[in-house]
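What follows is chain A paired twice: with chain B in the first complex and chain C in the second.
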Partner chain A sequence: MIGAAFFTNGPVQVALIIGGGAALVSAVVGVFTVLRGQSFAGHALADISSAGGSAALLFGIRPLAGFLAMAALGAGGMEAIGARQIRERDLVTGIVLGAGLGVTALLLYLDMTTTSASGAANTVMFGSMFAIAPATIPLALGVGLLALAMTAALYRPLLLIAIDPDLAAIRGIDPRLIGLAHLLVLAIAVALSAMTIGAILSTALLIGPAAASLRLATRPGTAILIAVAIGLSATWGGIALAYDSFYWTPGHGWPVSVFVVMIVLAAYLAAGPLGSALARRRMARS
Partner chain B sequence: MFSGFMINTWIAASIVAATAGLVGFFVVVRGASFAAHALPLSTFPGAAAAAWLGINEIAGLVAFAGLGVIGIDALSRRGRPEVATALTLVMLLGLGTLFLSRTTTYAQEVYGLLFGQVLGIGAADIAPIALVSAAAAGSVLLLFRPLLLSAVSRDLAQARGAAPARTDLAFLVILAMASAVALPVVGALLVFSLMVGPAAAARNLTDRAGLAIALSVALSLLTVWAAIALSYLTNWPVGFFVGVFGALAYGLGRAALHLRRPRRAMA
Partner chain C sequence: MLTLSSISVAFAGRTILHNVDFTLAQGSFCGLIGSNGSGKTTLLRTILGLVKPDRGTVDTGGHEIGYVPQKIQLDPFMPLRARDVVALGLDGNRFGLPLPSAARRRTVDAMLTAVDATGFADRRVGDLSGGQQQRIMIAHALVRRPKLLLLDEPLANLDLRSVAEVVSLLHTLSFEQRITVLLSAHDMNPLLPVMDRIVYLANGSSVSGTVGEVVRGAVLSRLYGYHIDVIRVHGRVLVVAAGGEDALDADAACEPVHVTQIR
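Right after this comes the complex of A and B.
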């Protein structure tokens, strides 16, 4: 079904490279995000980044730069208003998210009325995997590497705060500093995947692989590796299936994000029984 | 602004705003912002499916809101609730993307469904909107005590014989109904802003539940009326005004709290 044309096709190559980078960073950051119970913040940052994506269309700058700038701004905003209690934190996240989406609404309206981008809402909210400019690759890989390097440098404190905040405090780890670092890495991850599979669907790559891997692995390092494997298979598999779907229904193919979401969900559902079976075997051996 | 074709919008908007203000109070006290954001967004493909199958839009929305509730409930039985919410959201949105790619004529309406439109309501929509809203509001009043009690203390609710898990599910259903009817006016992405903003402001203004609900409903009505009027005049999307007013209301509420109880607010 997939011939040599798949790998020599320009837009497909760009999608494979940037999509793979987005999946990799999202999976790594996702593990910390799920462990800390920050799924809503991750989803909210992705939604807020859509304001940047729509501003980029309006002002003719590179979409990734727009997504990144707005996600970072959102992260800063959430940290600035900051709240200790989880309930209050969700409320603040919601308020910042509402304001950000309001701005997106206006920018998209201006996109559609002042420029010729009539499909702006679709592009920004549901992604444009096959329409990424090749010139975006260096910036995408650069910020992706930056996010991975930050995560590697802060690996232990990030993990400790996620698993046991009290112990982290005793060890002298500053929760606000680590929290801000986590939000910034999160912002990079969601900006990358917002550009590829869309602002409102990037949550699939962030939460899905991580949640599935945490059902299987008992060690954080293993969890990260499994999450990366799931994320990459979902993205690359999704690209291959979307490419192939042009032949299923002549005229128009199926969206990449549909396949990515389906593969991620299948992995999460399969991880449940598989995880219990693994746990039983571990119990039997010990 | 009040001519014939706008009357439907004003009536529908007032109904959904009052319901959102009432339900929103419980969203805030129960800390359910993520579910309140995820359910309307999961409901959005319902409109695409309805257009595709040629059935009533409100019926499609209510059906997908139901799927959202089932998804969140089923997935959170065996995992973290916020992961369940996130995965249900992307699952239904993925379906929505698929529906949208099937119908080309529908693409123009995506924007209106996501961010709201003043002309999205026809005369035939008023009756179902009123019916579903009444069901949502009636359920809130019927379950008033358990909803509030399990928000304050799950142990206490359990001790009183009210099963918190069942109350959680009932609340999701109420939230789904309120989301489905608010969606065509305010837009899928900003329905939750209408629920969270006014209610959060009201909670900061008073400690009494009854008064807070009344304030929340009043602020929600004001937000929607102002948003529709401004949207009509400027042609800008309803969602923009709802999102910004929601944040503004919350900010004013925080400021009022600061003035009212300077010492406790500092702590």
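Right after this comes the complex of A and C.
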């Protein structure tokens, strides 16, 4: 059913480009986020960014700018409150998350009462893949490239810190500064995917592909490639299925986000047994 | 090679180390012995510059230092092969993606050979045994050829055979490459055959010297502040407080003095 019309459809083209970009950035950044044990921070930043998305609807600015600004602010807030231990870090994340969601609740209320954006909550929380303005493409590509460049720059220090922060510190790397830089990259990644598959579901694109890839890969580069492959398949596959779903139930299609999340989940579930099988083969060979 | 002069460290007003002094000559193999909480990790981190002492100075002669931290928690899903961990010891502080380089690979391979880890170099590091991981961390610490190597409890959580293997590996490296080794442990016995110096920590203070000079009842009694007996039996050393726990004062009760039990 997917023919030429799929690829020449304007909103579909925008969705393929921006959705693909968001999936790519999320997958790459996600590998380091999972390695650093910051999945919760990633989810929290996405939720916090929803305040920006809601504000953007209220003031009529570009949603991505809103998502980005709020995610970066959340990252800064987490760092400013500061935390030395993982446990404490989770508490700080939770506190900043609560504050952010409170603001979101207010803004969404205002969206729905003072503007005509009646579907605001749905758009912000569950995404609007087919309703992205083409004018968003340059900003999305710009910040996406920035996030990838920063991750490439931080590649080795991030891995060294993942082994042990002191090993990085004695080589002149400040683990805290690198951590903050990674948090900002994380903010970009979640803002991008919040705009496409929604604030709540962006965690799926951030954590799912990375978690699946870490069950399969023995090297960081391979892990990143596998995560990207899963993220792109899920997003593009989700767009195709959502487009197709217009023919399943005449009149209205299914949301893209549903398909994306289902594909990611399937990949993760398959990665478990596949990873064990690979590990057995490696053991048998060595 | 390494000189500490009257190092004092306090955390939140509590003195952890008080006037710690010692000097290590190049190529010496020194055990840093003390019970849990005696300040071994704090002392090593002070030498590395990770803890700023309240008083005193550390002189490493400008030498680069290799370090193996205590209790490295390698996530089983960490996507790093053993050789990747060693390579990160070489240039893990650099920014940007690592480009494939024959020279880099040769250096890493040589180090893997030196620690006898070629057999598991391509396995995921989280899948390795404790002893194998310890070898890899030693290779990580030594791949830049530092002349001073600090190891924090590298023998903890290893079975007896792995302990003997790691000790003999360190001794060989120290001997052949004239590397000064400072290694912390709560049990000195596995180190007795190889260490030529000992720094003994208790009550925040230290004594140092050869094993014969330090591990004596009179010396350790002065350090602990109550009567200590040193018993040598079957080539092992037992450090015991005379009269058992009852004889210990309130302070010492928190700090068990039985450095070693017969196994």
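Operating definition for what follows: the second predicted complex is superposed on the first by the 285 of 286 C-alpha atoms of A that agree within 3 Å, B and C clash if a C-alpha of one lies under 4 Å from a C-alpha of the other, contacts with A are read in each partner's own complex, and residues count from 1 in each chain.
Keep this in mind: a contact is a pair of C-beta atoms (placed from the backbone, for glycine too) under 8 Å apart; a residue touches a chain by one contact, two chains touch by 3 or more.
For clarity, every value in this text was computed on a predicted model and none was experimentally measured.
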Task: Simultaneous placement of chain C and chain B on chain A, clash or fit - done: fit
Open item on the list: Contact-wise, after the overlay, does A:I61 reach chain B, chain C, both or neither (first, second, both, neither)?
Closed with: neither
Open item on the list: After the superposition on A, what does A:L145 contact: first (chain B), second (chain C), both or neither?
Closed with: neither
Open item on the list: Looking at A:D164, would you say it contacts chain B, chain C, both, or neither? Reply first, second, both or neither.
Closed with: second
Task: Greater chain A contact set [chain C / chain B] - done: B
- [ ] Using the touch definition from the top, say if A:G272 reaches chain B (first), chain C (second), both or neither.
- [x] first
- [ ] May I ask for the angle at the C-alpha centre of chain A between those of chain B and chain C, rounded to a multiple of 10 degrees?
- [x] 80
- [ ] Superposed on chain A, how close does chain B come to chain C by Cα atoms? Whole Å, please.
- [x] 6
Task: chain A positions touched by chain B in one structure and by chain C in the second - done: 215
Task: Sites on chain A touched by chain B in the complex - done: 34, 37, 39-40, 42-44, 47, 86-87, 90-91, 93-106, 108-109, 112, 118-119, 121-122, 125-126, 198, 200-201, 203-204, 207-208, 211, 215, 252, 254-255, 257-258, 260-262, 264-265, 268, 272
- [ ] Could you please specify the touching residues of chain A with respect to chain C in the complex?
- [x] 31, 35, 152-157, 159-160, 162-164, 166-173, 213-215, 217-220, 222-223, 279, 282, 286
TODO: Please give the residue numbers of chain C that touch chain A in the complex, ascending.
DONE: 45, 48-50, 65, 67, 69, 72, 74-75, 77-81, 84-85, 88-89, 91-98, 119-120, 122-124, 127, 140
Open item on the list: List the residues on chain B that touch chain A in their complex, please.
Closed with: 28, 31, 33-34, 36-38, 41, 78-80, 82-83, 85-87, 89-91, 93-95, 97-98, 100-101, 104, 107-108, 110-111, 114-116, 187, 189-190, 192-193, 196-197, 200, 236-237, 239-244, 246-247, 250
